[in-house]
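To start, the structure itself, in structure tokens.
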């Protein structure tokens, strides 16, 4: 569940290419080829960090001689003003990579921070916070990683590693029971079956069908409480649908096992992080 | 400034591959190969739409026979409940593509909607709303397109198509004047030079250096007003730094030409859009 | 669990490029550009077919005007001499694509045929035949598809969609129980946990640890029978390790739920299939 | 005729991505990040090795700090129990890479072993064993390399580096002679022309047409002997069609120069090779 | 020896992406989305055409609805003023694709034209004009195709489909004879062996070694004549080294079989071709 | 404006793959695996060098242990016979990479040399030499880099980083003035607007429309002089259309600011550069 680095590298190269195109007009015009500098990455608000190694990779790909030193680790809680990392080396690649490195770091830290806030809110309940498939196209592996760094759990990664039977599927299969049986026969024995239900009757039917997980879709807290009672720990229960930070505790109090929140990844404020170039030294040979 | 479709196609294929992996376990287990259906994409809150053709491409790539009919166009203002598009055809590819299509459409419409709100706020001022390079890695072309759909203007696309001289560059070049001259010599004659300044002295110096655009970095509204007065229309003035929807009008009132807002792309709430499968018809041969 | 066609297309293009390089010297030298022909793909031994649509795609990519008509479907049992498909159109692309189309079709049909033989051997037992991760690098999706076409079931696709705890993992976690608990906490709630054990004590421990599936590694039929008795249907049991067609029935008789066979994909004889060009008609304009 | 490593690297990355997806759930859940270990790759049956450096590359791509030490070389004859290589370093990447490394190594060694057996059978004859284009799509370069490691020779790599005129081509060109002349005019002067014939009349005609190589297609040993006599060393003769290990010596005795065998690559049993993790040491800081 | 279109398509997409980036600022700003037009591609000097279908593909990839009609074929001799093709459809994609289409067409036609001039010069001699590996990186398949369109022959495509033994190789192998023998043993029997020699002694040695082709490197016409005499038609002779249009006839007169000319591809003047947009019609709905 | 190396690396890998295919038959047959050698790259005519680091990258990608030492730098003026670089290491990768390295180096140096000649011709005038978009598809970044190395300036890189309004655009927009206004509104404020005009009336109109640059298309020197007079330094003037080395000084004398020359990249003679392998040492262990 760590990142697969050859893939991350490809994402970073694409991002660099996207920003850099045929070159950084400003830096190449104004910064001498041999100017050295130090960049300090610090955070301008409290939060949880994710993506530091990716930021480091940005600089490494631009110039393997740039020295990137992390001062904190992914998953760390940081305070406004904390230094996250230091980059030393030639000024050109450092200035060129700044924006791309921050774009990754800020977005992923934004996700980790939001997740962490949610996780903290339910500390005293048994519910775990899980993400969804509502991620940025192309960045799912990174965003789900950021959720983990924030203390959240990952739901299935895609359509391929978990079964989630929704109303359309149920209708087609002729009922919850038939749907679960049909899916069980078709899929690998290593994958669980989750069924989305909309009321207590659905819960009962899913239970009888031996679903592995039941998703309570947009139910009231009251109904969810009854569902928890009905299920009595036989299968996992996941609350889903429009849960926000405000309603989170109320949902957790119902006793569900999992609460999935799409906004962890689809509606995120980037964490405010910046890179300050402390001083630029032009090598002495130059002068 | 339209999208380059072979590139969009590549992004969509990556996104599909990311979500689909070796297959949609649920749909392939439960939905008959010949079941037909109709999906209705509608919006659940007011907003501005961007990405409809990309959503259509998702379905087309999964099954060229799926018929995607847009009911509105990118850039259109829509109301809660409006139907955006209809998809008709086999149920399997329709259900499989749902999430990826919505992930593109919701994020881009979120950007267009936020941009549109900002643009509307400054309707009666001369300032234009512009974006920044604070975009999601790999999706810049799409996100800048969404900004345009929301009525905003694009700032430079990357480091390669515009010069933006910041404090670090100025320090290295020995002052604003030298920096502008040096850049002018190095770059193509088709590209303008923008200089970031922090106070009125900087404005004056940049003006003298014949910069094409001056960026007023984190200045108070008061100072910006003076800058506008000082410049007297000789060059464009761009307000930048921490502008949010609340402070936007105040900034616009200063008379600047451009207001750049990173949050247009780095901190966006997805627009709430969903796809409802109306009814599933299993073809008669089956029965 | 169908194939993701944009990915298959990429595999086919690579395969064509690999075989075709800068061109088919023989065909381009000797076959007139407008010669028309018909190719008949027939099978030269009994078997089960897989990969027909991929073969069709080979021809379609070389010339969209080539008309490929399948006479049987993937998964069909065929007899020596049966016609599998017909290709009509220009002789050049038809002759050029022949080998690549057959290379896909023969290998996948070889896998489907072998799987089918195994499945048939255990028809009267409850055991299902499953594959492994011992697939050809780069072709896993296709080979697992061929296993399904042969009537087999797929085990997990990769390291990412199922947990399989082996002895090394157990040793590190301090025992089966700890390993299962630790894994349960780390992974998504949608994925099952399978534990590999080597003796009955291991079975008992895994059972107690609430593993979802227990793999009986290289056990004698006698021991497996006892394991089946011990488990009493509480969890799934998978027999694994060196099972071949000869020993299959004996293993199935033990009452295990699953029998995994690496040789389904790592040691396969291609099914003998050939393409005969019936007659070549040179278009009349030519003469 | 060595491998082109940037291409092999791409194949390995694809294979890793295929197996690893978003991560190895088991290893990442259970193996501490700093656990060290040693893996021993040994062979469980006699054979010839091919692909060791590719196996090493698998580990290197997962973690450049993993130390892979080969104990034998590609092309070496090994005995059951021989150690092929040792891998030292972090336990996580070692366990993660195991299956992909073995999948390459076992398949290629399977090919090398089978080739070697064939080569040995004809040691005392002048015939050389050559492969065909019946290779796994996408892996031709690797599989032809394995044939070389087994002591075999490569036939043409694809349609682009040799001319092989078959019956269809001959029919179209109006006879063997015309076909050879026409091909000679069309192709580069660096490439030879081989003609497939089905009887002695064809041999005579190809000889007269000055073909460079004559392929004897599915002829009886008797007829091949006559062909050898007829040709008298003027051109190379290749026996082709359904030759298996059993009939190989009989074919070699006819005096042909080359014997091509499709099964070298299309129907191979993987060599039984495994990786044993000897002991896992958790670094002391951990404790 | 036709082009492999999926590969050409990839080249064209790259070229479009390179020129188009995030969009054609001028056309998208000024040309209405529904404006229709007709473009006429005509040639402004005499020459031989190559690359017309590639030019057509450029437009097709930008807009499948653009109608590209070729008026001549690749390989045709054209006169100043001749119309090569017509493109009808939307003005935007037509204007956007113009430069990329011409860049391919002009360069390839430049190569075809130069080749054709050389071929014509030696019409009455037996020598054929062949190209070299001195091609533009990434465009070899296209440039060798253009040589064929100009009436030239292709030498080997790369290092992989022909043996060319040069002085360094000879020195290492201990002489021409040993080199030829060693190569013969190592390579496929489908590939010929060419040896580069610098004097008549070399010719004699290569002849004795049974090389298939002898390259006469930088020899005087006189020496070449003697080589032709010495060889007496037993093997092919290729003249190489600094042959230009001026010296071509003299070289051809020596009686060599092949004359290779690097400048066919490494030093080419593009053929002057332009696209004129005849008239732009804005659809009536617009008005 | 330096090159983006991950992209250059991809171009080099493609070029190597193109030339190398499944391997260098000659070198692998004849050069021992452990033979060491030294290659000297020297230039056989006067010129300006571009692409040395790319040549070095070719060797590095084939064998990271090859030691490439540049003796001059890109942009340096060199004399016939000068040594450009030295490569030391294994003979195989050195011989294999020779042609690809030279293909890049010769073409780019050809461009730099031609550019440098043009730049020198106008030394005493204010005009700067600029390139065009008439570059080799796929190699624009490299070719524009070579122009800079030759002392030239780059015009816009593509359709995306500059506006160039041509006659078609003007006609559509209803005149120069409207076109400039319309473009100004549509594009980013960081990009300049250039207008192509055919006569003095056009110059006056463009001036009034506040175009940033005016392109004088195919005007006589006389007219251009008048244009320079008319404009009086208010905007930049670019001479364009059929300028060759012969007419260059005459054009420069008119006083224009920029002279664009398509032939800098579309019609280039490669600089004559070769690699000599000095001596091949076979390592002692071998003997």
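As written, the chains take the letters A, B, C, D, E and F, and residue 1 is the first residue of each chain.
One rule holds in what follows: a contact is a pair of C-beta atoms (placed from the backbone, for glycine too) under 8 Å apart; a residue touches a chain by one contact, two chains touch by 3 or more.
Computed from a prediction, not measured in an experiment: that's the story for all the values here.
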Query - Shared interface partners, meaning chains that touch chain B and chain E - result: C, F
**Report entry** Any chain that touches chain E and chain C
**Finding:** B, D
Query raised in the report: Of the pairs given as C-D, A-C or C-E, which one copies B-E, with over half of its contacts the same by residue number?
Result: C-E
Query raised in the report: Would you say E-F or A-D is joined by more C-beta pairs in contact?
Result: E-F
Query raised in the report: Between copies chain A and chain C, what's the superposition rotation on C-alpha atoms, in steps of 5 degrees?
Result: 180
Query raised in the report: Taking each chain's centre as the mean of its CA atoms, how far is chain A from chain E in angstrom?
Result: 51
Report task. Starting from the mean Cα coordinates of chain B and chain C, work out the distance between those two points in Å. Result -> 43
Requested in this report: Averaging only over C-alpha atoms, locate the centres of chain B and chain F and give their separation in whole Å.
Outcome: 34
Query raised in the report: Of all residues in chain E, which are in touch with two or more distinct other chains?
Result: 1, 20-25, 28-29, 140-141, 157, 160-164, 186-187, 191
Query raised in the report: So which chains end up touching which?
Result: A-B, A-C, A-D, A-F, B-C, B-E, B-F, C-D, C-E, D-E, D-F, E-F
Report summary line: So, in the complex, the side of chain E touching chain D is made of residues 1, 130, 153-157, 160-164, 186-192, 194, 212-213, 236, 238, 257-258
**Report entry** Footprint of chain C on chain E - complex, ascending
**Finding:** 1-4, 6-7, 140-141, 144, 157, 161
**Report entry** Residue ranges of chain C touching chain D (in the complex, touch as defined)
**Finding:** 11-12, 14-15, 18-32, 35, 91, 95-96, 99-100, 102-104, 106-107, 110, 133-141, 157-166, 168-169, 171-173, 179, 182-183, 185-187, 191, 263, 266-270, 277, 280, 282
Query raised in the report: Inside the complex, what are the residues of chain A that reach chain F?
Result: 13, 16-17, 20-25, 28-29, 61, 92
